[in-house]
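Shared between the two complexes below is subunit A, which has subunit B as its partner in the first and subunit C in the second.
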Partner chain A sequence: MAPAVLLVTVFLLVPFVWTIYRSFFSDSRTSGFSWFGNYTRFVSDPALSRSIVNTAMWVVGTVLLPLVLGLAIACMTNATRWSRLARLCVVLPYALSGSAVAVVWNFMLTTDGAVNQVLTTLGLGSLAHGWLLTWPGNTLVMILANAWQATGVAVILFLVGLQSIPPETLEAGALDGAGSWQQFRHIVLPQLRPISIIVIGMSLVNGLKSFDLIWVLTQGGPGRATETLAVSMYNETFLELRPGAGAAIAVVLTVIVLAASWLYLRRQLDVKGE
Partner chain B sequence: MSASGRTRRAAVPLARRRFLAGMAAGAATLAVEGCARGDSTSAQPGTTSISNDNATWDEGYRSAGRELKKITGYALRPLSNPSVTSYQQVVQMTLQTSKATDLVKWASGYQLKRLARAGGLTDLTKVWGNYAAKGWVRGSAREAMSYHGKVYGVPLYESYYVLFYSKPVFQRLGLSAPGSWAELLHCAEVLKGNKITPFLASQVGGWPAIEWFQELVTKVDPRFYQRLVAGQASYTDDAARQAMNIWYDFMRKGWMTSPDFDQARGPGALKAGTVGMFLHGTWQAQGMTAAGMKADVDYGAFILPTVRPSTPKSVIAESGVFTVPSRASSHEAAMANVGAWLDPSVQRVWSDFLEDSSANPTVRSSNPVVARLQLDIAREQRIPLVRYWEASPPSLIQGNADDLGGFMAGQTSPATTLRRMQERAQDEWAAWRRDEA
Partner chain C sequence: MSLGRVLRNGTVAVLAVLWLIPTWLLVVNALVPSESYSGGPHWLPEGFGLFDNMSQAWDQAHVGPALANSLLYAVVSALAAVVVASFAAFATVVMPVRRRVLWFWVIYSGTLLPLQVFIRPLFLSYAKSSLYDTQIGLVLIYAAIAIPFAFFVMRNYALTLPREVVEAARMDGASWWRLFWRIHVPLTRSAMIAVFVFQFVAVWNDLMFGITLTTSRNIRPIMAALADLQGNYSNVGPPVVLAGALLVSLPTLVLFFSAQRFFVSGLKIHR
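Right, the complex of A and B next:
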């Protein structure tokens, strides 16, 4: 126990406390105490305001898409003849790193990339445009790219959940005259609740800390339009050379992640009575 | 039996604890030793280590190092960190420790001033003086290597911003390298008419967004550019507005590639004939060769003409520097090597490797395209200008590069972009001057 506590203290708590401390100091050469000066930039800097909007979009997208798609794919591929192949296709992207996924999508989404070439070939050239250049479209396509990768793990979890549902419950429903939709709505879905809690919880945190895909695809650009809080934190600290501002973003992001996770899990676990 | 069983049960956690404790002690010892002195930066007889952020240059350093060794007795040992961002962090942190490398590759101008201001760099004013006496450095480069009058860097190379073009494509379309603004526009119109995008422009990676800005502003008024980057003129002044309007007009006419076009594909695009002209540093000559293009046969290069014939001619120069940390592991060896770096015999090898222009003006590039540019710059007495990236405080440049990237993507108009750049300039110059005070 003691070594674990020591390690957590040294590698997690001390840097976190130091980050909070640093966020109250300015980024001038002398780094004077500036109270909440770094935090007021959330109001005065349009790039940070946009970053918060983008982060919210990422959270909604990374929660909804893997949840809905994961559940749909798991239900469709559970116990069908081609289910193994279908599952493999969906799960495979999950094994790739975020950076590798970004490289693949970069090949697809640049103005002279694969998507626009296909559209032009199909006579839909008017739809072709710079997918990564205009906001909010660029953020939306990156959320889709992320969902392409993240859905795999949701599928695995939902399949585990589906296979743990006792067949007797479905048979009883069928004997009572319940149709497929009714069985899904009233028998399957309630029994998948614990899995859904895990999928949503994981997606929530992943959405809030999304970084690698964005960094490789756009580096938060053009013009800082696609930054999320995690990217802004990196940008301010290492590129704009403002460690105080970066620390303030890190603190805000941490508070949001902790608050969202705590509120969500507390509510879900309370409902379940655990 | 029960007793022996208890003994066995008690022995297992004890053994595990010992094992874990042993592992922890071993790891701690390794960590402490590693922190105390990394192998890579420790002094090694007959060599000096160089921190470098471009691993493709390692072989060039080794070749130049062999020539250096003949003069100083010390070769070069490159230590590369290809991530520019982490490289900068590592260098800035290690400068304050005993793990600093002997030589550090860094950018000139305000990037160097910022590093020098933090302390930890050796004063190289005497080394510069020796070079100047031999005519091995350009006097105009001194300011970009200095902080508060003292020199802290020795030029590593000197590249010029030029437009590379495909000779076979120009020949096929009956074009030649333009010598005036009107000829440039004619080339662009002909290329566009033949479904070739006239100019490569990119904001991929952030910094390339500055390239067309600096180029157009300097070709509208180079003296204004000098005042602008020194914080003595406004981004909303006429010259800047004129440059941005030209850029905007080029984009509107479809003369520029999409801003998400990666410059790494530039040489390939020139070779394939899908792009007509590629604005970049002459260090790109190496990339042209890698793409299978031969200098003066497959590609040529010219400096962007001035917008008006009466405008003084200028050229944007980029110069990396070698700095010597005060706490370099082999400080004496590092000073010897930095003092011989610009020796023509060393520069011959280095310039041949880069296929670029040497920082020593007596060394002519072996690349015929670059050599002709060197002659043109000397003959025309072009005003040498510091690249925008190094010409003002780093935070200002980084923010403005973001704004220019947004402009390229159509997020903001020329006027709005310039207004934002000016607002940032006021804040960042005030911060820089406050820090200096």
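Right, the complex of A and C next:
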């Protein structure tokens, strides 16, 4: 056990405490203790307020889209045989990294990219524009790109859940005269509850931590418009050279992530280990 | 065929095609020889320049050494995490250790925190201790970051094993060391493989530590090299960049589809 405790403490817990400590010191040259001075920047700095709004959009998008699409696709492809192929199409992107997804979607979304090409061909050239250039459109398309990748895992998990529902339950429901919608609503959905919580929790935390896709696609730009908290932290610390502000962002992000984790972990953890 | 069925199959087909389009364009345009690429994306394969594009990516973005680096980082740190985490799981589950709950939280807390909270202190102390821009530095942090989750999975799995085996072996006078290698390791092998696969992919796909803790091309991991290649998009042209993305994704694609079973079990045990 000692090596695990040692590695985690030295590489993770000590830096964590140091970041909390650092967040209370200002970034001026004297670097004095400034209580919550760095935290007030969330209100005073428009880039950071924007970052909070973007993070909220990411969270809603990364939770809702994979949940709804994943459930729908899993249910619709569970029954028929040919739909395995369809399912493969959806699951495939999950095996790509965030950076690779960014490369693919940059190709789709740049000014002479695939989306604009399709729009022009369809005679909708007026709709074609630089998708990554204007807010809030750029954040929305990146959330869609993320959903393209993340839905696959939701589909896999929901299928596992669907296959664990005993067929007798459904048959009993059908005998009692439940239509297929009623079956879904009253038998399938309640049984998928535990899996849904896993999917929601996973997407929530991934949405909050999302970094790779945004970093490779826009680096948080143009003009810091697409930053989420994770990207803002990196920008403030390493590009704007305001480590105190960066530390404050990291702490706020941690609090949000911990709160989100708590929502689903408390159902799952059996800490006593007995 | 009922209307409902037609609707359902139609929806599935539309969704599948929508999902396939980016993948399709990725493959098709990575195939187009970069000299003959002009203007907009191609929708149908034309010529075969995949290997040329890949080798251009290999040379221009120095993807080659980065691939070797990432292979080293992913294998070594995932292995280290599996070994260290199974020791820890063995200690907290099988051995009569005091304050198990405390130790559990000390180790597990690492996976709950976002990476952003570690990165600057690590950057500073790496710079001071000459771990910055070294392979051993990256292996250490990747292993450290992988341990909490690996521990969590190994521990949950170990909890499901029957205790009688351990008690019987102790009665027969087996040492803890012997017990670990002869009983614990063989019984938890499938969880170990799941954890290894999962952590291999996590390390392989990491971008943030790669761009923060390294600068040289012969140290940098693969996703940092890919981000760099993407930064050169207008110079090298889309086919080379896409071929690069495809190239760096091949190992995880292969692993994912050959070990899907382990992925799913890993995911289920996790969150």
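In the analysis below, the second predicted complex is superposed on the first by the 256 of 274 C-alpha atoms of A that agree within 3 Å, B and C clash if a C-alpha of one lies under 4 Å from a C-alpha of the other, contacts with A are read in each partner's own complex, and residues count from 1 in each chain.
Following the convention adopted for this analysis, a contact is a pair of C-beta atoms (placed from the backbone, for glycine too) under 8 Å apart; a residue touches a chain by one contact, two chains touch by 3 or more.
Predicted, not measured: the structure shown is a model, and the values here were computed from it.
Chemist: Looking at A:L208 after the superposition, I want to know if it touches subunit B, subunit C, both of them or none. Which is it: first, second, both, neither?
Modeler: Touch partner of A:L208: subunit C, not subunit B.
Chemist: Between subunit B and subunit C, which makes contact with more of the residues in subunit A?
Modeler: Counting residues of subunit A touched by each partner, the higher count goes to C.
Chemist: So in the superposed three-chain picture, is A:P3 touching just subunit B, just subunit C, both, or none of them (first/second/both/neither)?
Modeler: After superposition on chain A, A:P3 lies in contact with both partners, subunit B and subunit C.
Chemist: Using the touch definition from the top, say if A:G37 reaches subunit B (first), subunit C (second), both or neither.
Modeler: It touches nothing on subunit B or subunit C.
Chemist: Taking the superposition as given, does A:P136 touch the first partner, subunit B, the second, subunit C, both, or neither?
Modeler: neither
Chemist: Tell me which partner A:A225 touches in the superposition: subunit B (first), subunit C (second), both or neither.
Modeler: Touch partner of A:A225: subunit B, not subunit C.
Chemist: Considering only the touch criterion stated at the top, classify A:D112 as touching first (subunit B), second (subunit C), both, or neither.
Modeler: both
Chemist: Name the contact category of A:L239: first (subunit B only), second (subunit C only), both, or neither.
Modeler: In the superposition, A:L239 touches subunit B alone.
Chemist: Output the subunit A positions appearing in both contact lists, the one against subunit B and the one against subunit C.
Modeler: The overlap between the subunit B and subunit C interfaces on subunit A comprises residues 3, 110, 112, 238.
Chemist: Can you list the residues on subunit C that touch subunit A in the complex?
Modeler: Those in contact with subunit A are residues 4, 8-9, 11-13, 15-17, 19-23, 25-26, 29, 39-41, 84-85, 87-88, 91-93, 97, 100-101, 103-107, 109-110, 112-123, 125, 140-141, 143-145, 147-148, 151, 155, 159, 204-205, 207-208, 211-212, 223, 226-227, 230, 233, 238, 241-242, 244-246, 248-249, 252-253, 256-257, 260, 263-264, 267-268, 270-271.
Chemist: Quick one: in the complex, what on subunit B touches subunit A?
Modeler: 20, 24, 85, 88-89, 117, 203, 205-206, 209, 258-262, 394-395, 398-399, 402-403, 405-412, 431, 434-435
Chemist: Where on subunit A does subunit C make contact in their complex?
Modeler: Against subunit C, subunit A makes touches at 1, 3-5, 7-16, 18-19, 22, 69, 72-73, 76-77, 80, 83, 85-87, 89-90, 92-100, 102-108, 110, 112-114, 117, 148, 151, 153, 156-157, 160, 180, 198, 201-202, 205, 208-209, 211-212, 215-216, 229-230, 233-234, 237-238, 243, 246-247, 249-251, 253-254, 257-258, 261, 264-265, 268, 270-273.
Chemist: Can you list the residues on subunit A that touch subunit B in the complex?
Modeler: Of all residues in subunit A, those touching subunit B are 3, 28-30, 47, 110-112, 130, 132-135, 219, 221-225, 238-242.
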